[in-house]
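Look at the two complexes coming up: chain A is in both, with chain B in one and chain C in the other.
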Partner chain A sequence: MNTTIRSTTLENLLAACDRLANKYRTFAPTSEDGVTGFRPLDQMTKEQRQAIEETAFANKPTVGSIKSFFFPDSEIYIKFSRQGRKVEQMELEGMGPQIILGAKPCDIKSVELIDKVFLAEPVDSLYQDKRQKTIVVATVCGEVGEGCSCREFGISPVVAAADLMMQKGSGDEIILTPETAKGEELVKELLALGSFAIAKPLPLSAGDTAVDQLSAEEVQNRMDELFNSPLWDKLAMTCLGCGTCTYYCPTCHCYDIRDFNRRDQGVRYRTWDSCMFSNFTNMAGGHNPRPTRSDRLRNRFFHKLNYFVKKQGELACVGCGRCAELCPVGISISSVLKEIGRDVHVS
Partner chain B sequence: MRKITEALREVATKLLHSSEVDLVLGYTRGEKAKASVPYVATTPEEAANLCFDNTSSKALSKYLLQDSFVAKKTALVLKGCDYRAVKMMIDENRIERGQLYLIGVSCQGMENSPFCQSCQHKSPPAEGVDILLSEDDATGERIAKSLQEAFPEIEKIERMSEDERFEYWKRQFSRCKRCYTCRNACPVCTCRVCMFDRENPDYIDAAKDQLAQHQFYHIIRSFHVSDRCVGCGQCARVCPEGVPLHLLHQKLQRELHKFYGSYKAGVDELPNPLSHAHKNEPDFFGKVGR
Partner chain C sequence: MCLNPLLPVGGIVTSIFSESSDVKTFQIKPETMFDHLPGQCAMLSLLGIGEALFSITSPPGRDYLEFSIKRVGKLTEALHQLEIGDEVGIRGPYGNGFPVEDLKGKNLLFIGGGIGLAPLRSLVQYAVDNRSLYPGKFQLVYGARSVEDLLFERDIRGNWPKEKDFEVNLSVDVPHKDWDGFVGYVPQYLEQLTLNPENTIGVTCGPPIMIKYVLKTLEKLGFPPEQIVTTLEYKMKCGVGKCGRCNLDEHYICKDGPVFYLSDLQKIKNDFCK
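Showing the complex of A and B:
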């Protein structure tokens, strides 16, 4: 049975998270030097803490996506040390449970998409561990934000499949409704703190995802026809070859594995990589199967709009609009969808 | 900027129509209504898409080093800062002047740019370009601010204690993901192979959670471009995390001026102060061995 609870204010909820700090580390969206992103509650300034409410309930995702909670930009596989001729592997400190407060529907969908990659056999245990230990609390958008096109990708801005739904009640009230067992457990722990009351669940909007939704199959087929199109050379002429689109894309999930050693200690770690970088596909010996920016750009869009559909049955884009917002030269998913005959850009 | 846009389209149409150039590199209205983006026109019809306004902030000159431009006769739209970058690349034999048709535009400065507010080289010199387009009803250059006035943050940071200053930059660099957008957008960061793109170098690590590595990257890059900086402000403008990189370059430039005298990249002749050694130069590491 789902128990909905009410918090008098968001600060009341944050204070409760502070009290649960021994068990969970809480992260929430805020603003630092004018840039929105998730920060740990225990490291926020007073101003940043006050900015959570506005950022979490805005009709817009944060600059950085929530993928980094499950797939951090750098992550250690093994630690090792050497003594004489003996190499020893050291124990890794695992991550404790965490709460993400205020994830947006587009970002939640993006994690479901990369689940298909990391949680398929062979399961990526580092990713799975974080996925299991994380409680995702969603704040939906009131309406489609400026520059957003979630609906075209079958995502309703007002619906999210998270562990908990966080909604605004009357006045400053915050209503929390669990949607999974993990969410229910957190609600019980919050209730036990004594600063919450049981409440009636707020009606959830059914959403209207049918509007203008792109057909994954249609897009995939159209992309097949575009493989040899001059479009890629044209876009590549102004592409800077930087990693902004990939690092800020919530569904991009490529990484590189590297070693780092100093004297007798070292680590093997993975770190985000970008298919837009020339050394992404560079082989030992110097051969590069994607030698030009045009090849690399085409690969990125094919991964989103064609390869992922073929392998996983869905488009690997959630319409969050980050590529359009952040690319310094204005290349985005809609640059390609326009060519397909669909302009999904709303602003 | 309507006059410049109109004149630009006319010039571009003529150049492409007569096949005097293969392509015209300029700006067009972006998908986001608020800014114009780089654009390549290859036909007289496409020339009608070109525009120039106070959001045409991207530096275009570095594209000339890309394979897709190398063998082409290219016309490009140049603001004052971008012209300085082109001049440097010509002087350094990276590009050939004969392959280029330079369309200078008299720039009135970009929106919200401290560099533009203090810029003394808004337009390329008429003798440096093939044609210079300006607004004939232009009311003259906007009143320029001094460097001090344009970058009030620098004094603020200088006044901080060492610890505060370290904390300030720590906070800024902690957000860095090393997407290299600052480097790739910089018109004077033109090494053939960037030291940060080498395979597994010993001097830097790719880990993105290592603050020291971000600091290393930004400080090295800042040193590499400090005497070459043409003040386009792109580094900070393109940073998705809002790291004020321009302050670092601007501060280093001021320090360089103190030790080597005034040098303006792409205005003064080569060599730039950090690319050559002179026996009378200050030696911070001590002349008599270690």
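Showing the complex of A and C:
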């Protein structure tokens, strides 16, 4: 049974998270010098903590997406020490349970999309472990934010499928409604702390998405016709190949595996990689199947709008707008979509 | 929690064979042996140095796995320093492997170039080991840059020509005083040989540019795309279809490949036959 609870203020909820710190590490969105991102609650300054409410309930996702909670930018999975020819592997510290407070509908959808990659056989245990140990608390947007186009990708800004829904009640009140067993469990733990009251759930908006849009299959088909378009060379003229789009994209999941060795110890780790880098596909021996920036740009957009649809049945874009906003030369996925006659209304 | 698929097991190098100035064949016994199909691959790694995907060059059914490795980069350079008794990391097998069921009862035309004979060797030896299932004619057309670069001497000049109904045709790119065989590229050689596409499947592997022209040449010689099989290589890191770099269209070579029929390849975006 879903138990909705009420917190007098957001600070009351944060204080409760502080008290649960020996069980969960809590991360919340905050803002500093106008840059938004998730930070651990136990490492925030007073000012950052005060900025949580505004950031969490803003009509916009944070600059950094929540993918890094499940797929960190760098992650060691073998640690070893060497003595002469003898190599010994050392135990790695596992991650404990965590709470992500204030995830946006676009980011929540993006995790569902990369689940299709990491949780497919053979299951990526590093990712799965973090998914299982994480409680995602959603805060929806009131409306489509500036530079955002979630509705165009079939995502409603006011609906999210998370473990818990966090909404504003009357005054400073925060209402928490569990949507999964994990969410329900957390609500029980919060209630046990004594500073919450049972509440009536707030009505959830049914939400709506843009209606006059092309289906994922239609986008895929029209992209097929764009494969030999001069568009890719045109975009490649300005692209710097910096990879910013891929690092900030919540659905980009490409990675590299690397070793690091120093004297008598070392590690093997996986780290984010980017299809925009020439070294991404360059083989020892010198052959590179995607030698030009144009090849790489095309592959990136095709992965989002064609290959992923063929493989997983959905577009690998959630309309969060990060790539377009952060691209130093203004390349935008919506300009590619416009080329295939899918006019994306960016708010 | 399930086991991390990226974790290797240990494997001991039990034999090393020097094939040429820059290719060595390593026989490895993994802690836990796995079954494989001809054409499948495995990740080999050295802790602190790196990991890469290599085709398994030995046929199934042995108590070891063999990898023929050309020295081209940081990891392969380090692998070439290994001695018998050294340990490597190994995980696999990966990929689909050759369509051994479809090949039953067919004449088999193996076409290799350089180190590209490594994955084919597993299939050739498998077919030789199971001759009753593969009773047709075998023909190997194999080319290398120079006489010194022809690999698997013991097979191409020793064991295989002695097999019943097994024709071996060798070529080199550059002439040599002791070479009286064909000089030129493999696709050119194919045009000179009398090849009968009937009931024959051509299986090829080599450098990307060779594969491209072999595919074209076979079609020109009357092989329908359904009778042409190739195995491909891109840079790969995970081996399990997740790290994102080895895609041809929506297919990952590491998982959906590395073996493709030309008829299937023609339906997808790729730089091997288009």
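General remarks:
We adopt the following convention: the second predicted complex is superposed on the first by the 340 of 347 C-alpha atoms of A that agree within 3 Å, B and C clash if a C-alpha of one lies under 4 Å from a C-alpha of the other, contacts with A are read in each partner's own complex, and residues count from 1 in each chain.
The rule we apply is simple: a contact is a pair of C-beta atoms (placed from the backbone, for glycine too) under 8 Å apart; a residue touches a chain by one contact, two chains touch by 3 or more.
Note that the coordinates shown come from a computational prediction; the quantities given were computed from them, not determined experimentally.
Look at chain A after the overlay: chain B and chain C fit there side by side. By the touch criterion defined above, A:N282 reaches both chain B and chain C. Judged by the touch definition given at the top, the superposed model places A:H253 against chain C, while chain B stays out of reach. In the superposition on chain A, A:R25 contacts neither chain B nor chain C. In the superposition on chain A, A:R151 makes contact with neither chain B nor chain C. By the touch criterion stated above, A:K182 is placed in contact with neither chain B nor chain C. By the touch criterion defined above, A:D33 lies against chain B but remains apart from chain C after alignment on the C-alpha atoms of chain A.
Shared-chain residue A:R342: touches no atom of chain B or chain C.
By the touch criterion defined above, A:D129 reaches chain C but does not reach chain B. Taking all C-alpha atoms of chain B against all those of chain C in the superposed arrangement, the shortest distance found is 8 Å.
Shared interface residues of chain A, touching chain B in one complex and chain C in the other, are 256, 258, 260, 282. By the touch criterion given at the top, residues 30-33, 35, 37-40, 58, 63, 66-69, 171-172, 175, 177-181, 183-185, 197, 199-200, 205-210, 234, 237-238, 240-242 of chain B touch chain A in their complex.
By the touch criterion given at the top, residues 77-78, 80, 82, 85, 87, 117-118, 120, 122-126, 128-129, 132, 227, 253-261, 266, 268, 270, 273, 275, 280-285, 287, 289, 299, 302-303, 306-308, 310-311 of chain A touch chain C in their complex. Residues 1-7, 45-52, 70, 72-76, 86-87, 207-208, 233-235, 237-238, 240-247, 249-250, 269, 271 of chain C touch chain A in their complex.
By the touch criterion given at the top, residues 32-35, 37, 63-64, 72-74, 147, 233-234, 236-238, 240-244, 246-248, 256, 258, 260, 269, 271-272, 274, 277-279, 282, 292-294, 324-326, 328-330, 332, 334-335, 345, 347 of chain A touch chain B in their complex.
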